[in-house]
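What follows is a set of structures to go through.
Paired with chain B in one complex and with chain C in the other, chain A is shared by the two complexes that follow.
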Partner chain A sequence: MQMPSLELLGQSLLSGLFIGGLYGLLGLGLSLSWGMLRQINLAHFALAFLGAYLTYQLSEHFKLDPFLTMLIIVPGFFLIGMAMHWMFAKFKVTPFNSLLVTFGLAVIIESLIQWIWSADYRKLESPYSDIKFQVGKLFLPLPELMTLLIAIALSIATWALLRYTHLGKAMRAMSENPKMASAFGINEPMLALLLSGAASAFAGVAGACLALSFTLAPSQIYAWVGVVFSAVMIGGLGNPLGPLVAGIVIGLSEAATMAVTAPAWAPLVSFSLLIAVLLLRPGKV
Partner chain B sequence: MDRRVIAAFVVLVPLLAAVPLLKLPAFYETFLYLVLHWIVLATSWNILSGYSGYFSFGHGAFFGVGIYTTAVLSGKLDWPFLSTLPVAALVAAVFGVGLGAIVFRLPRLRGELFGLLTLAITFVIGTIILNTPIDGGPGVYLSAVPVPAIGPTPSGSFYLIILALAALVLWVAYWIYTARLGSGLFAIHDDEDVAEVQGVPTYRYKLIAFGISCAFAGMAGGIHSVFVSYVTVGEVFNIVVPLNVVLMSVLGGSRHWFGPAVGATVITALLYAFTAGDFAVAGRAAIGFILIAVILFMPQGILGQLLRYWRKRAAPKPLPQPLPPPPIPRTGQSGELILSVEGVTKQFTGVRALSDVTLQVHRGEILGLVGPNGSGKSTMVNVITGLYKPEAGRVVFNGTDLIPLPSFQAAHAGIARTYQIPRPFASLTVLENATLAGMFGGRQLSRSQAERQAMHWLEFVGLAERAGALPTELNLHQRKFLELARALASAPQLVLLDEVLAGLTPSEINSAITLVREIRNRGSTVVFIEHNMRAVLELCERLIVLNYGQIIASGDPRKVIADPEVISAYLGTPHETGR
Partner chain C sequence: MKTNRRQALKPLLAAAGAPLLSMPFAGAANAQSGTPIRVGGTLALTGPLSATAMIHKLTGEIYVEQLNKRGGLLGRPVEWVLKDDQSKPDLARTLYEQLVTVDKVDLLIGPYATANILSAMGVAQRYSKILVHHTFGIPSLAKYDMQFPTWATGPTPETSGPNMVLDALAAGPKPPKTIAIVTSKFPSVHFMSVGARDVAKKRGMQEVLWLEWEFGNRDFGAIASRLKAARPDFIWGGVIALEGMLLLDAMKKIDYAPPTMFHFLPSPGPMIKSPDGNLGLAMTIFEQHEPMMKNAGAVEFAKIFNERAAKASLPDTSVDTQAAASFSAWQIFETAVTTTKSLDDKTLAAWLKKNTVNTIQGPIRFDGVNNYGDDLTKLKQVQNGEWAVVWPKPFAKPGATLNTP
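On to the complex of A and B.
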């Protein structure tokens, strides 16, 4: 084992922070639908990639600004999320079966992506790709920085909405006990539809950010499942700030692991953290 | 074991083994190889996941471990192909048991958590293999590995090897299905806590099933690596294997040993039709659609649906002859100490459910345990039966402290309980529920013995007519009596009856009181937890009152219920004193 130079270590920790922000952004919607609607949505990752490919398509071929594509993606994905919840509610899908159904859905979306954009790697060349800020000896690339800021803004906004508004309180009551909440006059089906729509819109936002800094391929969809679910579970289900905080912790630990050992061991980090948390904090997940 | 199943194996396996003699074009043998390959993977997956309900999404990881074991041993170290297969099975099983030993220890590991953990491990192992010299990136070529000439052609040889493995895995799946291990796994599927309290060693059973499941996946991987002759991480550690095996088992019917084989045959044929027409992507999408449709519309699968149809049409199976069990062995004198709870404290986050409770139970008595709701009675039962481990104290039963032992040991030692809200295994019949208690309880009976004794106890509680019914078809009164029959079928030295009378009508209560007295007369000691004071006074020789997790009174029932502290615990203190 050999200690890297201080600048190198700082730069890799910084990139760990940025990737942690993306873990948090991807985990936010998952955490809401798992924690509050009792739906484990494996299709979330496929939706995020669909969002990424749409961003790629709209900015590469229609010359739209990558950040403006969100104006189209967010409402569209909101509708997809509502449609998914409508199906779950109609067939009374159990939490476990939701995992299987969304597994099927993820495969369908993956096939769709592969059919339209082929299995080849795609990389969005946006005007933002090369913009970097320099702080001391460290470089901050703009796309990654924006991703982190969006993740922080959305997580805090969701947290504040759930905590301080009437709508948010009604949603938390619904997630505690849907039947009881209905008996108290809360429009449970409507709120659940909204929540599911929001979760899916978050997937779209995460996808747009993904397209800004990552090379896309349909086979990459499942590579994110383990680490993002770890962030969701470590952060505590249904807690909007949890995935971001846990995601950043995982991102930093991965970066540190990669800097001092071989990159091969990075995937073990989130897994070991998850097992440790599950063992030390039973019942919380 | 069913003679027809044995006959089917004896006739079909040699017939299928003769197929290469027909000298069909290699195309057919390759297709049959793929069908059998998926039968092995789906059936092996089902041994843990279908039987116990712990769906693994990591079957691809263990398959991949087998692939790379053989790839390294025969491709890089020049071992003979066949000799690598047992090693591939062993390495995969070691991985599986190692993972299981960690994750099955997690308290409250839910099925969905297990699914995600196993999915994640697939990519963890894949990344490590990709970045280490095991693969290193370019993949491993195995085209130079000699294939033993078992059949007349190479494709015939692969077909015969996989046929042998498929026959073996189906036989093992069938054997587990009929054996004690299978019964335990099905009980875990329905209600793991109840299974453990009834004496099923749940941790060990899940590990054994996981180990067997992974070993077969690993061996299938070993065979497949040489069959495809070039392996890469991207082709191996992806979601194709877990997706297909889950789909095949769910489509065929995951509660039956032969269901996954049915699903595997159907799906492989479908996939083959798609790839033959160059629609591989459409084929995968179709599988996604089928998976969703099956979950939503046909949760029992093809075979499950067919079996239900046949059972409805066929004459009901004759019930076993009831057999009165031998009397419960008296290991000690009547009146001596059978159970001693010493200084037990149990806390839940913020709440002290039991604080420093000490009580004794004497052999042959009916001890009443009463107290207001939330006083800690049910927690006491859960501590004695081993489900909750207390922070402090000992539970000594017949001279042995049960606290350091695994929970299921309480049942083996001779403790049984009933649940206030009945918790029968929902997908087992009334008879199967009672039989399971006999198989895993104090006597560890064989299935046939346990069945006949279970019939006796069903007659005893008046449920013999409903032996073939599912618990959901019973009313509350019948389900409460099923709880009693289950507790009795385990031949317990000590029975804990948790509010058996709640919700029953006055006449049903009378018959229940008679039953409880009869249970004691047949040699079991009874702890009777109840709110119904008439029943308590009629039955109990001694009474203990719990309030806020502490004993506030004990002794002669009539004196205890006159105790002012007991009255105020139940009814509250008077608002104005001196009235």
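On to the complex of A and C.
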């Protein structure tokens, strides 16, 4: 094994940091709905890609700034999330069944995307694509940097909201014991709707970030499931900071693996970490 | 029933043992009657291979439509029974079983991509059905006697392909001395990259980097950084589908302008649309320009395909390798059936083994190892937002030569 140069290692780790931020952003909504609403929402990935395609469409065809598309996508996805939760509540979908139902929803959304945008690849050529900053010999591309900053900002804001505000405390109470929370006057159904809406809105934000950095294809929805699930589980369900921290750890580990050894070993990293966490912290996941 | 001139000539041609036959794409409309001839197959209409498979779907639809307009086969209409294998080889196997045992199709046409074709081949062998397929990447695995590949790569593409690419570069303005081979572990892609590695070594090139990644890799940042650090003269990119674009994106992000780079199976649309794809190299069997537009059925097919592809919102509407390979498969069926006047699998197979069929790719024969004939592969390059064949010279787009960054 040949040791990489500092430049190679530094650039690779930066790449890992950025993709880790995206893992965290994708995992944020998933973690909230899984940990606090007991819904294992596989449709979250499909929603993220729907958000990415909408960003592509609004930017390419309506010439909207990719970041401004979030002003349309986020409220829209918030409503979709609320509608999904309303459906789950109405039909009393159990956590296990939510996995099956949301997988079905993911397939429907994938088909919808393929129907509208075809199965062929779509690449958003945004004005930000070519912008990058140079620090010494290292390059920091703007779209990835923005994604990381958005992931950090949303994760910290969500954590702070849940920890320090009455609304957040009510949500945590609802999550821990819905009946007891209701007895104290907490409107559990409304808070659950809000939380589900927020989780979907986060998927929309992640989608916009995906569109800025990646070529899109409908089948790519499933390419992210394994690693983001790992990030969510390692980070702890319902913990807004967890997926980001775990995502960055996974991203850095994968990047270091790819810089030092064969890139084919990289996928082993996230799952090895997951197994280690499951073995060492059985009660924490 | 009306008979067109070609059909009238068929017995004469057959009697003369016609060594080279071709089917025109357009012809006089002809009356058809009777139960349809059913050609069954699957395509990856969903899943990771669907972007490419949709080209095959569009091609098949156009061919069957035009075939029926000119009288179908043996005076009967042709029906294409198409199922979605979801890009999964195991499902492809099940669906081909269904096509034979439940749908009782008359003929089998292959699915898209090597693994799925291999699955279909097993079923075809079990039921002694002929299988004409269009995108098989590892000829040494095609052992079944009645399988007929229409992607004319020759029996050893793992050496003939890389040699062709390196011949072109050696004859170009900046012959490379060092090579980096980075490759997906997608089976047929990896197979070609291993071949390229051996070929480069035999040609005395210095290998400065060899990297493999799992198909489905998302982060190409570290791989791009390693390429930048290795400073090769030439990059062999064993990439398939999205991977090529993701690698180019990752290179751009670290301000690395790659040297001449070859993409094994690129996504043709995004490559020509993105400025980063400029001067990228890839293999092809057909491009929509002279002299290949003189090949059988090319002009008529390209016209319809361009229109339908635009209507279907495909990023690249021109006919290239995938559409041409698919089109050839249908041409081979049509030629074999109309010449032998038979749907019998053994009769068709015997005829194909002895005859050359003139297709949109050029003449294809099946008398070599594992029914493979000549390697008709060419080298193409993105030039000014279009793919242009640059090697071998007789097939180069008029005025086009290999450019290096």
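Here are some notes:
In this text, the second predicted complex is superposed on the first by the 285 of 285 C-alpha atoms of A that agree within 3 Å, B and C clash if a C-alpha of one lies under 4 Å from a C-alpha of the other, contacts with A are read in each partner's own complex, and residues count from 1 in each chain.
The rule is short, and it goes like this: a contact is a pair of C-beta atoms (placed from the backbone, for glycine too) under 8 Å apart; a residue touches a chain by one contact, two chains touch by 3 or more.
Please read these numbers as outputs of a predicted model, since none were measured by experiment.
When both complexes are superposed on chain A, chain B and chain C occupy overlapping space and clash.
Of the two partner chains, chain C is the only one that A:19 touches; chain B does not reach it. Using the contact criterion defined above for the overlaid structures, shared-chain residue A:127 touches neither chain B nor chain C, since it reaches no partner. Touch criterion met: A:101 reaches chain B, while chain C stays clear of it.
By the document's definition of touching, neither partner reaches A:75: not chain B, not chain C.
In the superposition on chain A, A:262 makes contact with both chain B and chain C. By the document's definition of touching, both partners, chain B and chain C, reach A:114. After overlaying the two complexes on the shared chain, residue contacts for A:219 are found with chain B and with chain C alike.
Once both structures are laid onto chain A, the chain C stretch out of 112-120, 256-264, 310-318 or 346-354 that overlaps chain B is 112-120. Counting contacts by the rule stated earlier, residues 110-111, 114, 219, 223, 227, 262-264, 266-267 of chain A appear in both its interface with chain B and its interface with chain C. Within the complex formed with chain C, the residues of chain A that make contact are 4-5, 7-8, 11-12, 14-16, 18-19, 110-111, 114, 117-123, 125, 129-130, 132, 134, 139, 141, 144, 213-215, 217-220, 223-224, 227, 251, 254-255, 258-259, 262-264, 266-267. Of all residues in chain A, those touching chain B in their complex are 40, 91, 93, 95-97, 99-101, 103-108, 110-112, 114-115, 219, 222-223, 225-227, 229-230, 233, 262-268, 270-271, 274-275, 278-279, 282-283, 285. Residue ranges on chain C touching chain A, taken from their complex, read 45-48, 50-51, 53-54, 87, 185, 211-214, 216-219, 221-226, 228-229, 241-242, 245-246, 249-250, 252-255, 267, 269-270, 273-274, 312-315.
Of all residues in chain B, those touching chain A in their complex are 55, 57, 102-103, 105-109, 111-113, 115-117, 119-121, 123-124, 127-128, 130-132, 234, 238-239, 243, 246, 250, 281-282, 284-285, 287-292, 295-296, 299.
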